[in-house]
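One chain, subunit A, appears in both complexes that follow, with subunit B as partner in the first and subunit C in the second.
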Partner chain A sequence: MAKATAFDPRPWYLLSPALLAIAFLVIAPMCFILVYSFYINVDLGVDEVAFQFGNWQDLLTDSYYHHAIWKTFRMAIIVTVLAALLGYIPAYFIAHTNFRRKWLLLLLLILPFWVSFIIRTMSWIHIMGNQGAINGVLIWLGLTDEPISMMYNEFAVIVGFIHVFLPYMILNVYVSLEGIDRNLEPAARTLGCTPWQAFREVTLPLSLPGLAAGSLLVFVLTAGSYVTPIILGGPNDFLFGNLIYDAVVSELNWPMGATLSFTLLFLLGLVVVIYSRFMGLNQLYKALS
Partner chain B sequence: MRAWNLIKIYTVLVYIFMFAPVAVVLLLAFNSSRFGGFPIEGFSLRWFAKLFENEAIMRAFETSLILGVLTAFFATTLGILASLALVRFKVPGKEWITTLLISPVLVPETVLAVGLLIFLRWLSMPRSFAVLLLGHTMIALPFVVLVVQARLVGIRKEYEEAARSLGANPVQTFFQVTLPLLMPAVFAGALFAFTISFDNITATIFWRPAGSETVPTQIFGMLRNSVSPEINALGFVMIVITVGVPLMAGGLARYFSRKR
Partner chain C sequence: MKQDSTKRYEKLRERMGNGDIDRRSFMGLLGAAGLVAGVSGGIMTTLSRQALAAGTELNFEGWGGIVSEALRKHAFDPYEKKTGNKVIDATFGGEEEVLTKLKAAGSIDGHNIIHSSGITWYQRWVQNGYASELNTKNIPNIDNVMEAVLAPFRAITPDHLAAVPYDYGTTGIAYNTKYVSEEEAKKLGADLLLKKDLKGKIGGWSGDWANRAWYGALQSGQNPNNITDWDAVWDKVREHRALILKYWSSGAELMDLLAKEEIYVTEAWSGRVAALQEQGHPIGYLDPENGLAWMETMFVLKGSPMEEAEELLNFMLAPATAIAVAEGQKYPPSLDPTKVDMPDTVKKLPAFDPTGKLDGLVFREPDKWNAVEKEQKKMWNRVMKGA
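For the complex of A and B:
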């Protein structure tokens, strides 16, 4: 018996480089930011080892931080809901089309992942900016003399986020739609359902895992961002990630940066945990590959 | 069916939403105007010429390329080894290990970046190219693991067992049987890793050494002023590299596999 369950070291040799790297470069830093959040920031970029709750007290009492957390969740929810609304129908179309070049539609969906994130974000300045396409057309048509200001506000940030994260949503929904037995909807129809009923009672519930996985991805990715608001937003359109960026890059207040980072990690971790209680993480792995 | 037509139109509109901004960048790269926006005043290649004369951008390009290639190499190597272990051996706690290997995706990138930065600083390793490389490798690793694992599951164990029974040692078996069969996934994983590294900005801003820029951080810095026509030209080049190269690789792979 003992022989059969003897320890086989071979897989561990193969795993050790990756696991060591993850332990040292991901897990240890995550633990370390918790420790670091108790340090004191003495001067620009100068910290003192300490165990005090000053940073946490700031975080818990300063309404500025609460406001940022609220704004971040609000933004993430708006982007997620809009992405679900925008993404579900194209996913449904791709899954159900008889179009012979379905692979082309899928390829077009994956292509944006390869187009540089910063370029895609910036491109909205060309669409909505004062010298952008929309204003160009409006002025050309004579509908307006002065360019209409559409940029550097919350709307522009939302559009930028949706543009970057929508493919995640569509792909996830598509994968789960594709896994549904094609005969179910016609079966429901023959039992007297209207097309809409058949969709609502059969297809939609069965595609919920994909919708949920896509939503989780979009939510977490949005809530962790800070670059899009800097490029497309105005001074008031900051997210929690922007506070981290300011603390670490501008103010060189690393203990506060660590405190804020840990808070973001904790809050989004909570979201993921709640999600996995209901859906499990398997769908998410499937989605990522 | 009317509903189906509506769905079709909706889908087309969403695709336009996805691609119009990119198309606009590609178009404006050839605009001869001194400003980076509309209206289009004429066709010109001068912004590309300007681009190649811009030393800061060229240096950023070099940094990004080297970083991307090295990231692809390290992430793919680590990813293949780990996948082999997970697919070919009975490992206790497999699910936990997979979750651990995927964990860099589950952690918000901003947090990942700040964590690693502060941790390595504490170990007296300031921002440097090495930190960037280590960080990018971590960000790319989960994707390589997922791609390689998926393919490895599909390669039958019997080939390897046959090689072993014919007297090949494990290393020979790997290099002469498993790796050739795994090559498409290795290639895809490496390309994936390269693109992820080449495109990364969120974490790179935190990790780059002072004065050193990658292409995305360079663009980010330039955007602080205004959208210059040079950025459009740079965007054109970026899109051609990150979209064109994988497409061409995919096309070539198809072409050769058909020829055989």
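For the complex of A and C:
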């Protein structure tokens, strides 16, 4: 029988600051949100302490909320797929370029982060609006007499999301591509692969962890957003986050807002768990670090 | 020094009232007086520094855009120069947002004076326990305020006031005169917002359920202050929703959408339309019959530094300041035009009532609207999203 090893508390001492921070900043607020979801909203801004399932019942039985969840996941999938397709190309270029100042390209990638997210989102009004740059050029070229309506619809919201979240995808894919041995593709070609086959059979599979990590980030960030649809969307463009905003800020119904918030947290947490089960979170840590 | 500055300010104001100097010169002299007090040597400088060092910070929250610009330029900056106190102004998306923050924080830290939306919100702030008690002796300029705007607030808090009414306006309908004629607008009235030919070129305000419901009531032939058929109201709101391009959420967005001709028709705030007209945009404005009027207050939250707040309110209500702000933000001041001589620029503002009685304007009755708000606001948020 193997001898039981003595308990070594030292790692726990070292971990304790991080554990305390997580407990106070993540676990405790989540617990408060969960507890609040059982309260009753008596009037605007007036809540009564209770333990009842009315808010949860509303959530589970009301198709209004189900529709919002469906819209949110649908939008998040569209944005993620488009970001993956659009982000892979620049990531591949940066990873394989012989340009000596590669850091400059990476700097250009993160440069937009220096400008407020709201400002970047609103900039599309001046690009795609009736009096925006695109319509201005089209009218100047004589290609159209009237401005083409491009704003305040789902297309504008998707453009806004991709604009803001694309760098996350590119950085993740880039980190993954950088980790691949540069000799593998030439080796595949010496064995008879065409350039496309070498990419498809060697590079793409090896970069999939980065692609998956970028996709997870873009998916979670999109699904948790609510400002972009407000600025760029029309009346049909809203996400689950907008319902939370309505409940908390507009209706002053914190118990319902807590129920909706916890639901979104749970659903996105589920996505992360599924991702972790199949892909592992290591690639995500690598890209973020 | 504080007393001296106040006296100087009163003298300046008196000179202006006598016609000795025009208002622009007055504001310039006021600023110069502050500057002189700040940079002159000897005891004045020392006292000025002491006053600045001892200055109290007042946090003000308002609607942003031209309204904030006008308040900053004509009220806060001169007030700061005069008193050494500091006004930190911020923009809110709506008073719900402020109330949410206060509830979340459990204190009024960082919040003192709210540019509040009139009677219904006055009642809400009072009911939530945030009402201060203003010492109106410290606000002598309140004597110039119209009794018509004071009475509704006194009805809610008979023993005291927690706010002073500051301006009023209407939420009428803005339309682009290139696409809608004045005759057609007048003929259609509230139904202009339901004109099918303009599908995709109509806007709506997302921020206030009562505003939408008010128009729904007008369009369904009901008295907005006595709605009996809410289903009919929301049916009209759905009809409007099917025609709109976007629900806008701020005054700046409203102006941007109209100026860029993304939309041709929307309900709009009278002051914002006046600003667009001044900028040369072809925007007409219509107050339909029984259109929505409102008055705004400067609401002081309980626990704020009261004397400083009262001094600021008194300063803001001084005719010179109130008129300058009114000209800047394009909403008539709450001052009684039968007591205070108003310039033509104010007399020409939409919604201006020369009688000082506001008989021609229809305001929300807080008891009627607040009673149904919980249920109907939820409905509005759903209808807005297509439910």
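Here is the rule we go by: the second predicted complex is superposed on the first by the 266 of 289 C-alpha atoms of A that agree within 3 Å, B and C clash if a C-alpha of one lies under 4 Å from a C-alpha of the other, contacts with A are read in each partner's own complex, and residues count from 1 in each chain.
Definition applied: contacts are C-beta pairs under 8 Å (C-beta built on N, C-alpha and C of every residue); 3 or more make two chains touch, one makes a residue touch a chain.
Since the model is a prediction, treat every value here as computed from it, not as a measurement.
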item: Subunit A as common anchor, with subunit B and subunit C clashing or fitting; value: clash
item: First, second, both or neither for A:251, with subunit B first and subunit C second; value: second
item: Subunit B versus subunit C as contact partner of A:104, first or second or both or neither; value: neither
item: Which of subunit B and subunit C A:89 touches, first, second, both or neither; value: first
item: First, second, both or neither for A:50, with subunit B first and subunit C second; value: neither
item: Which superposed partner A:235 touches (first subunit B, second subunit C, both, neither); value: second
item: Partner chain(s) touched by A:60 [first = subunit B, second = subunit C, both, neither]; value: neither
item: Subunit B versus subunit C as contact partner of A:125, first or second or both or neither; value: both
item: Subunit B versus subunit C as contact partner of A:8, first or second or both or neither; value: first
item: Dominant contact partner of subunit A by residue count, subunit C or subunit B; value: B
item: Touched partner set for A:187, first subunit B, second subunit C, both or neither; value: neither
item: Superposed model, subunit B segment overlapping subunit C, candidates 80-88, 170-178, 224-232 or 242-250; value: 224-232
item: Residues of subunit A contacting subunit B in one complex and subunit C in the other; value: 125, 129-131, 230, 248-249, 254
item: Interfacial residue positions of subunit A with respect to subunit B in the complex; value: 8, 10-15, 17-19, 21-22, 25-30, 32-33, 36, 86-87, 89-90, 92-94, 108-109, 111-120, 122-127, 129-133, 135-136, 163, 166-167, 170, 195-196, 220, 223-227, 230-231, 241, 244-245, 248-249, 254, 257-258, 261-262, 264-265, 268, 272, 281, 285, 288-289
item: Contact set on subunit C toward subunit A in their complex; value: 93-94, 96-97, 99-100, 103, 124, 128, 200, 209, 241, 244-247, 249, 256, 260-262, 373-374, 377-378, 381-382, 384-387
item: Residue ranges of subunit A in contact with subunit C within the complex; value: 41, 43-45, 64, 68, 125, 129-131, 147, 149, 151-152, 230, 233-236, 238, 242-243, 246, 248-254
item: List of subunit B residues in touch with subunit A within their complex; value: 3, 7-8, 10-11, 14-15, 17-22, 24-25, 28, 35-39, 77-79, 81-82, 84-86, 88-91, 97-112, 114-122, 134-135, 137-138, 141-143, 145-147, 149-150, 195, 198-199, 201-202, 205-206, 215-216, 219-220, 223, 227, 231, 235, 238-239, 242-243, 246
